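Here chain A shows up in two complexes: once beside chain B, once beside chain C.
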Partner chain A sequence: MQILRKTDQKAYAKAKKLGPKGVVKILKDKGLTGRGGASFPTGLKWEMVLKEKEKEKYIICNADEGEPGTFKDKFILVNNPELVIEGILIAAYTIKATRAYIYLRGEYEYLENKIRNVIKKVKAKTKSKANIELIVGQGAYICGDETAIIASIEGKRGQPRKKPPFPTVHGLYGKPTIINNLETFANVPLAILFDDWDSKLTLFSLSGDVTKPGVYELPVGTNLRKLVELGKPKHKVKAVYFGCFGGCMPYSNINLTNENVCGKDCMLGAHTIIVVDEKHSIVDMATNVAKFYEFESCGKCTPCREGTMRILNILENISLLEARKRDLETLQELAEVVKETSLCGLGQTATQHLLNALKFFRKEFEEKCR
Partner chain B sequence: MQIKVNGRKIKCDPKKTLLHILRERGIEIPTLCHQEGLEPQGRCRLCVVEVDGKLITTCDNYPQEGMKILTHTDKVIKSRRINAELLMPDHMAKCMIENKHHDLCKIIADLGITEVRFDPKKKYEVDLGASVIRDDNLCVNCGRCVDVCAEVQATWAIDFARRGHKEHVTPYFEHNLNDVACTKCGQCIAACPVGAISEREHLQEVYKVLKDETKHVIVQTAPSIRASLGEEFGMKPGTIVKGKMVAALRRCGFDKVFDTNLGADMTIMEEASEFLRRVKNNECLPMVTTCCPAWIKFMEHFYHDLIPHMSTCKSPHEMLGILTKTFYAKKAGINPKDITVVSVMPCTAKKFESVRPEMKSAVDYVLTTREAARLIRHFHVDFNNLKDENFDPALGISTGAGAIFGATGGVMEAALRTAYEFATGRTLRDINFEELRGMKGIKEGKIKIKGKEIRFAAANGLKNTRELMKRKDKYHFIEIMACPGGCIGGGGQPLPFSWEKIDKRIEAIYREDSHLPIRKSHDNPIVKQIYSEFLGKPLSEKAEKLLHTKYFKRSQF
Partner chain C sequence: MLNELRKIQKKHGYVSEDSIKKLSKKTGIPVSIIYGVTTFYAKLHTKPTGKYIIEICDSPSCYLNGSLDIIKYLERKLDIKSGQTTQDKKFSLFIDSCIGCCDEAPAMLINGKPYTKLTKEKIDKILKKCKS
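Right after this comes the complex of A and B.
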């Protein structure tokens, strides 16, 4: 696997030779894009922060991998953490930041000591003076949102705020800040050091109704069937979920690129695939996902706070065979309004799965309604 | 910059929010979480409009060149209706009939929602504070109270706790308001668009004493009530309703209506004398005024080192209360035990002040302006058509100095008018201290008294107070009012809160001052009479005993 290649911290030395502008250029040329879900070009993001005239700048590594069914960051942290630290140090060198933060998912607390040791080791080897602080989150999904991470690190309530201003301009403590996903940072040294680094190769987290779940490294654009077959499903596959926020769609023969998936009103996001086979009801899946969002909504804005709760109530009623057909209309309306009017990414994507389920699997819902 | 709103071209200022621009053009956009002067949070999501097929909030977005805004498309109305409906179930279950003027209830009516499809869920206990009551069941999590407490008052008594639909406003660790560092200023009440926070009502008790034949019930009204009470009866902000107010209160059954402005004059006599004594002996300067009970509580929590700097004078209504039960009781030949004193104040902190144990308060019940209006409506008094009447002369003649107590900087101005003449024995030629007037957060100035330069400052809003206290040693005399604009913007004043209203009320108060025949406290004939017949002179032993108090240290938490 490409992500398991060792660099022995030679990429940092090369980055120093290239200079900040050289690093930005090489990242742009090689086409590294963010792996957190938005696929924003990494070189461009770093360039934006580099151009800011503030003296103090920060780096945040988003390791708050809270998306259900996603475990690629953990895979990297367990198997090749040096890469991540080196990537962060390169970023620190590039924008002359003296302080970087790793925001680690609360559930990955057991990796804390390991990461601290790696930080020490890599820092000693590269002789970088940047401080890397490890912050263990307290288990809130919303703290995967970049503005919520900033609030959390600042010691405030982990709640998102409106963008713009973007963190590249007004980030941690109001200073320009690079926030990248952990996998992005891990790819930085690889992209800089190896000429044969393939920007298309990415990590897919495959789980659900498959007998061989796990992390698969495949190029973007791989056919969905090929990926799911690798997981060896037992029964006939009915649908796939792209994590919780990516929405769901019927199992079909599509190539997994952002454009293709968006065409189905889904989002590829962090390359999470949850497989659902015919033995499972989509209503149950929808209820489960709705429960997740009801629990993880931060409570800041009305549609997400109240809407997710009411959606869950209706879905639970449907599962209990107590709902009426007109409740489906309410469900549809609620899901649309939550999507359209929520403040942050969580709310805006919280009901995509439901809208798609109502579109593609409406029959399953109607069968359970009076 | 030019944008298009519903197809019409509009020129606009790029620094104003879309909400501001649209409202200026007469397009009403519903919103719950927006309050002028506070950072927009974008919580309620009711203020959405459609731009290029997408919904955006107007409270926290700014215009961009060529933007095409549609304010009332089906999509906009649908999302507003659903979001309002989502907020409604719990609120509706407890919203009282009288409070139907809540912003939320109005929005619901405007959107034409007749059916709410969801059941109420919240089961919070009501937090019964000494002066502020919070009912989380009515709350719609707009966050205005939290923002006011933090951004305007810098007190941080309340914030959100928990998440998702369990998120609710609470003091830290879900304590009660009584147990935390809350100043009781009531600005959260003024900010609340749904009446989830309100004053601790004392109306029932007042109705009871009014019925009691054996009680001699006396009411006194604060300087700022006459400038704001009219709003409750549909009059324009800034209408002075002194005569109607007195007449209405008599109709409600009060035996005597006294004027707290006289108490203010008494406060000035004591405070100015105390200040001059401190300057003479050079002890503990700057001296800080103590008319504002919210400020006192704030100081007791956060500024322990200021205790010796605080004037020991009680607040005006407490002074008048004790004078009613001593001076007036003796003159009228009534047993003080049979006298009940009710104060109508623009303030919720005064409710707490009147139950302070060390105060041994002579005031039995404190009503806010809103409660007073409810009281008048309770007795079905036709307020708008009443003929003007005068305060009862026994303790009802006051000066312009007392009148301006209601506005920020007023206490200082009144005190300086008297202090100057006390110290020099000469008449102060220009008694208008323009530098102390207006809505600025911190105002300062200086005056020469007997060759010594006296520097003074006045702050309104507790955040500004924190600023001022950083450089307090520069001054000799400091006035603090906890609420924006002073008592005129108090937590007990008619709702809803707006800066414009406060401006109008302040204007009215200064107009009142300039029209009054006597404008200095020491020229007040009743004040003179009280001192000559009863107290002797300012700061006499008797005055110290009756009109002064002390302060305590409280925890910061």
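Right after this comes the complex of A and C.
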């Protein structure tokens, strides 16, 4: 696996030779893009912060891997954490950062000591003086959003705000800030050091109704069937979920590119694939995902706070065989309103799974309605 | 502040009104703000919790691998509902959105340590170990 290659911290030395502008150029030329879900070009993001004239600048490594079904960042932290720290140190050198923060999700706190030791080790080896602080999240999915993570580090409720201004201009404590996903930071040293580094290779988290779940490193654009077959499904596969926020679609013969997946109103996001076989009901899946959103909605805007709750109520009624067919119309309408009027990414994607389920698997819902 | 609140949660098992007032005095941040932050995060509790905090995962991946049965079994064994603490103050049970052990589902955390590929038999053993 490419992500398991060791750099022996030689990428940091090379970055220093290249200089800040050289680092930005190499990341742009090699085509590294963000691995958190938005695929924003990393070199461009760093350049934007580099160009800001503020003295204080910050870095945040988003290790708040909260998307259900996603465990690729944990895989890196367990198997090759040195890469992540080296990537952060390179970023700190590039923009002369005041401080870097690693925002580790609370559920991974058992990795805390290991990470602290690796920070010490890599800093000693690179002779970097950069400050890295570890913050352990306390269980809020919304803190994966970049403006919410900023609020959380600042000691506030982890609620998102409207963009623009973007964090590259107005980030942590109002200063220019680089926020990248952990997998992105891990790829920085690899992209800088190795000529044969492949920008297309990415980590897929495969789980659900498969006998061999796990992290698979494959190129973007890999065929869905090929990936799912690697997981050796137990029964005939019916659908796949791209985490909770990415929506769901019928199992089909498509290549996993953003364009293909978006064409089905889904999002590839952090490359999370949850496999659902014919033994499981989509209504039950929808209820499970709706429960997640009802719990994780931060409560700031009304459509998301109230909408996710009402949607869960209706879905539970359907599961209990107490709903009528016309409730499906209400469900559809609610899902559309939440999608269109919510403030942040969480609310805007909270009902995509349901809209797709109602589109592709409507019969399953109707069968449970009077 | 999050790290401060985490320390209090770890030391006392919950973030009490008293500790919020103390933190407010120390930092100059109003009590209302600290209380607001505390109640925002699922892992910070404002009521006392048991010696063992069980966070059972109910993500889609765990759900597909039978987490509902595991949750029901735990609730029956401990004789509490999720969100509650046993009378002997030994166990608190919470449902977690996802603990990132999706490739070893179903899974749970006890005081932050993961237990994976859960079965009823495994749960019996783990609870027995906690009780002794």
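The definition used in the following text is that the second predicted complex is superposed on the first by the 370 of 370 C-alpha atoms of A that agree within 3 Å, B and C clash if a C-alpha of one lies under 4 Å from a C-alpha of the other, contacts with A are read in each partner's own complex, and residues count from 1 in each chain.
By definition in this document, a residue touches a chain if its C-beta (ideal position, glycine included) is under 8 Å from a C-beta of that chain, and two chains touch if they have at least 3 such contacts.
A quick note: this is a predicted structure, and the numbers were derived from the prediction, not measured.
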Which of chain B and chain C A:R310 touches, first, second, both or neither: first
First (chain B), second (chain C), both or neither touched by A:C301: first
Partner chain in contact with A:K162 - chain B first, chain C second, else both or neither: first
Contacts of A:A140 with chain B and chain C, given as first, second, both or neither: both
Touched partner set for A:Y108, first chain B, second chain C, both or neither: second
Partner chain in contact with A:V337 - chain B first, chain C second, else both or neither: first
Partner touching more residues of chain A, whether chain B or chain C: C
Which of chain B and chain C A:I153 touches, first, second, both or neither: second
Footprint overlap on chain A, where chain B in one structure and chain C in the other make contact: 140, 157, 295-296, 298
In the complex with chain A, residue positions of chain C that touch it: 1-3, 5-6, 9, 29, 33, 36-37, 40-44, 55, 58-61, 63-65, 96-105, 109, 112-114
Complex interface listing, chain B residues touching chain A: 41-46, 48, 54-55, 57, 60, 75, 78-79, 82-83, 86-87, 117-118, 121, 140-141, 159-160, 162-167
Residue ranges of chain A in contact with chain C within the complex: 65-71, 74, 105-110, 135-141, 152-153, 155-159, 205-209, 213-215, 241, 244, 274-276, 280, 284-285, 288-289, 291-292, 295-296, 298
Parts of chain A lying in touch with chain B, wherever the complex brings them together: 140, 142, 157, 162, 294-303, 305-310, 313, 330, 333-334, 336-337, 340-343
